[in-house]
C-alpha cells in the first residue's frame, strides 16, 4: 500500500514537470505552423505541392532516432546551426528542455497537420465564398469562418500532438540526451529506471504515473472535442 | 440607394461548356431562366466574382468589376449573393449571421429586415435549429443587410413546399419595393417568373436567346417553345373591390376584368397573367354567358402548330398582346384572319391572383 | 481483373522476401565449412599473434557452441579482437553483447542467456552472486583502468587556474583539476556515464564529489562508456570522463589529464562465469585464454592494465 500512498519522489516530480513543460511548449510551438501549412495544402494548388506534403510527413514515417540525429546535426553544439544560434541570438538548444521540446514538436507535427488539414478540407468552400460576397477580406474569412469551423480538428490535433509529445523518446534521447532536470522526461526517466538493476519499484511507479497522465490527457481532450463540436455545429 | 445598371459582355469556356452573354440589368426584378445546364448559375457566379471570364467586361454603374486589366474581388463588389443552399454560418447565431456583412450606413436596420422577412423570433437561435424555409429567409436578410447594389438570388425557393413558397414570394417583392433593390432572380419555375419578373432573360446552351420586358418575351417567338408557358401578361388598373362577390374589378383599355379579390389598392397598376388555353374567341359579343371577362381585340397572327393546336396572337386596344390557343376547326369555323376584330373571353376564376404582379 | 493479378503478385513477392530474410546465410560459416571439407594448410599455433581483423581462412573449424559474453562497453572492442583470434583456433562462436555493466546485470538477472559477464566494477559482479546466478568462486578481478578527462581533438586545453585570484602559488593538483573541470563546464557540458549505476559514471561522480564540485559541474549523462566517448568525439560535449583505455589510438579526443586514483574507488574489471550458462565449459576455456599472453598483449595494447597494476613480463 505504501507504493500507492507515498507522494512523488523528486526524481518523479521532476520528470513529470518536465514532461508537461516539454509537451506543452512543443504543442504550442507546432500550432501556428500546422495551421499555416494545413491552410496552404487544403486551399491552394501549386507546383511541388505533393513534394511539400511528403516532406512535412517525413517525421511520421522516419524512425524517431533518425529525426533526433538529424536535429543533433543541425542544432547541436557542433552542428550546422547550433553555434550560429548561440552566438548571434544567445539561444542554446542542445541539452536543454527547449531541445527536447523541438524534438517532440517535430515528431508530433505531422499528426497535428493531418488532423487540422482534414478538418479544414471539410469546411464547405462555398461558405467561404459566401463570406467574401458579404464583404469579408480573405483574412477575415480565414479568421471568422474557416478557423472557427476547423476548430474541432484543431482540438484533435492539439490532443494528438500533446499525447505524442508526452511519450516521445527516441528523438529526445538522441538529440538532447537524458539530463535530469533538463531533458529527463517521463519516458527517459523510465528508461533510466529500467536500466538500473534493483529499481523495479521506481520503474513501476513511473509506469503508473505515465498511464494516469495519459488517461487524464485523453479525458480532457474528449471533453474539449465534444464542447467544441457542439459550439461549432450545434450537435 | 440609387439603382445602378449592371452591364456585362463576357465569354467563358469551361471544358466543353461555352458561355457568351451580353446583358444589362436595370431596376426591378430581372428573372434569368432556361433549361438545366443553360449556364444560369454560372452567369450568376461570374457576376458575383466566383468565376473569372476569359474575356469581356462587367461593370456596375461606374465601378468596373472586370475587364482586360482589372479584376475586382468579390468582397469589393457590393453584391448580395444568395444560393439555394442557404449556407448560413453554423457556428454563429442568426443575429450574428445577419450582421456578418452589415453596412452601418444602410438606410434600413436589422429590425426592418427581420420584420420584413418575419424572422424576428429567430434572432437568438442557431442555424441548425431552423427549418429550410426559415434558413432561406435568414440568408436573404443577411445579403440585404450588406446594403448591396444588386441582389442575386439563385433558385431561392427551390425544394420548398407550396406554403413556404407562397410566404416568401411576396417578401421578394417587398425587398424590391421597400429596399429599392435591383434583383437578379434565377429560377426555372414559371409561376415565379410570372409573378416576379419585370424583365425576363432566357438562356439556352450558354447563350441568351431572348431578353426584355416580360410581356414582350412571352409573346415573342422564343417564349412558349423554351418554357412551356403559353400566355400573356396584361397591365390593368385596379378600379374597385367587390368584397361581397369576392372579386376585384380591373380596368383595361379594352374592357373591364374581374379577378378573385386582390389586396392592391384602387388606382394602382397591376399585371396579370392570362393563360392562352383559358382564352376563347367570339366574333360577336355574347350576352347570356357566365364568362364575365370580355376584351375586344384584333387578330394579329395565326400560327398553326401540331394539330389540334393553333396559336393566335391578339392585340388589345392599348397595344398589349394577348394569346389564345384554339383548334384548327375553330379557326375555320370563325374564318379567322389577321386584322379581324374579335372578342376574347376569359373566365374570372381562371385568373390566378397568386400570379398577379405588382409593378415597380 | 488485371488489378487483382498485380495485387496477388505483389503479395507473393512480399512473402518470398520475408521468407528469405528469415533464412540467414552466414558467409563466414560457409567459408569455414568449405575449408573444413577441403583442408589445405596447417593451423597456426596459439603462440602466433594473427591479425585479429582478418576473416579466418584455411582453418579446420566447424560449427560450434555459441559462447555468449556480456561485456561492459569499454572492453567490448578489444574483446571482439580477442574473440576473433580464439574463434580462428577453436570450434566455437563467440557472441559479445555490450551495454553498460548495470544494464547487462539487469538483463542477466531477468533471464538473458549468458556464459560470461565482464563488468567494469565489482559491484555488478557481486550483484549476480547475490542473486545466485554466479557461484562465489567463479568470479575474479580481470583488469584495471584509469579514469581520464578528455576534450575534443581540436579544442583548447582548459586553464587550471581559477578566474578569480589567478595566482598559481598555492594550487594543489586537485585544485588544478577542479579548475579545469569548472572551465570546461563554462564551455559546455561534461559527458559522463549515468552516475547512479554505470561504473564509469560512478567513478566520475566520486571524483566530482571528492573535488566538491558535483553540484556545479554541468554534466551530460550517457548510457555507457562508448556513448560518453561518442558525445565528446562529436564535439557536442565540451569534455568527458572516460576510461584511459578509450583514448588509446583515438585521434578524435585529446587527453587533459588522468584522474588521480585516490579520488574514486579502485577501477576493477571483474569477470564472472554464469552458473547456468549454456556453454559453461567452453566459457571456462575461453576464460583461461584471456589469461594467456596473446590475449593479455591485446588488452595492454588497448590501454588496459593488469589487476595488480604491474605489467606482466
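Letters are used for the chains, namely A, B and C, taken in the order the chains are written, and counting of residues starts over at 1 for each.
Note that in this section contacts are C-beta pairs under 8 Å (C-beta built on N, C-alpha and C of every residue); 3 or more make two chains touch, one makes a residue touch a chain.
It should be emphasised that the depicted structure is a prediction, and the values quoted were computed from it without experimental measurement.
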Arrangement of touching chains [line / ring / star / complete / other]: line
Chain ID, smallest distance between chain and overall C-alpha centroids: A
Rounded Å distance between subunit A and subunit C, as computed from the means of their C-alpha atoms: 37
Rounded Å distance between subunit B and subunit C, as computed from the means of their C-alpha atoms: 92
Inter-chain centre distance, subunit A versus subunit B - centres from mean C-alpha coordinates, in Å: 58
Subunit B - residues contacting subunit A, complex: 48-50, 73-81, 83, 85, 87, 89-91, 100-101, 103, 126-129, 142-143, 146
Subunit A-touching residues of subunit C, taken from the complex the two chains share: 100, 102-103, 105-106, 109, 124, 127, 152, 188-189, 194, 196-197, 219-223, 231, 234-238
Subunit A residues within the subunit B interface of the complex: 124, 126-127, 129-137, 144-145, 148-149, 151, 231-235
Subunit C partner contacts - residues on subunit A that touch it in the complex: 72, 76-78, 94-95, 177-180, 192, 194-198
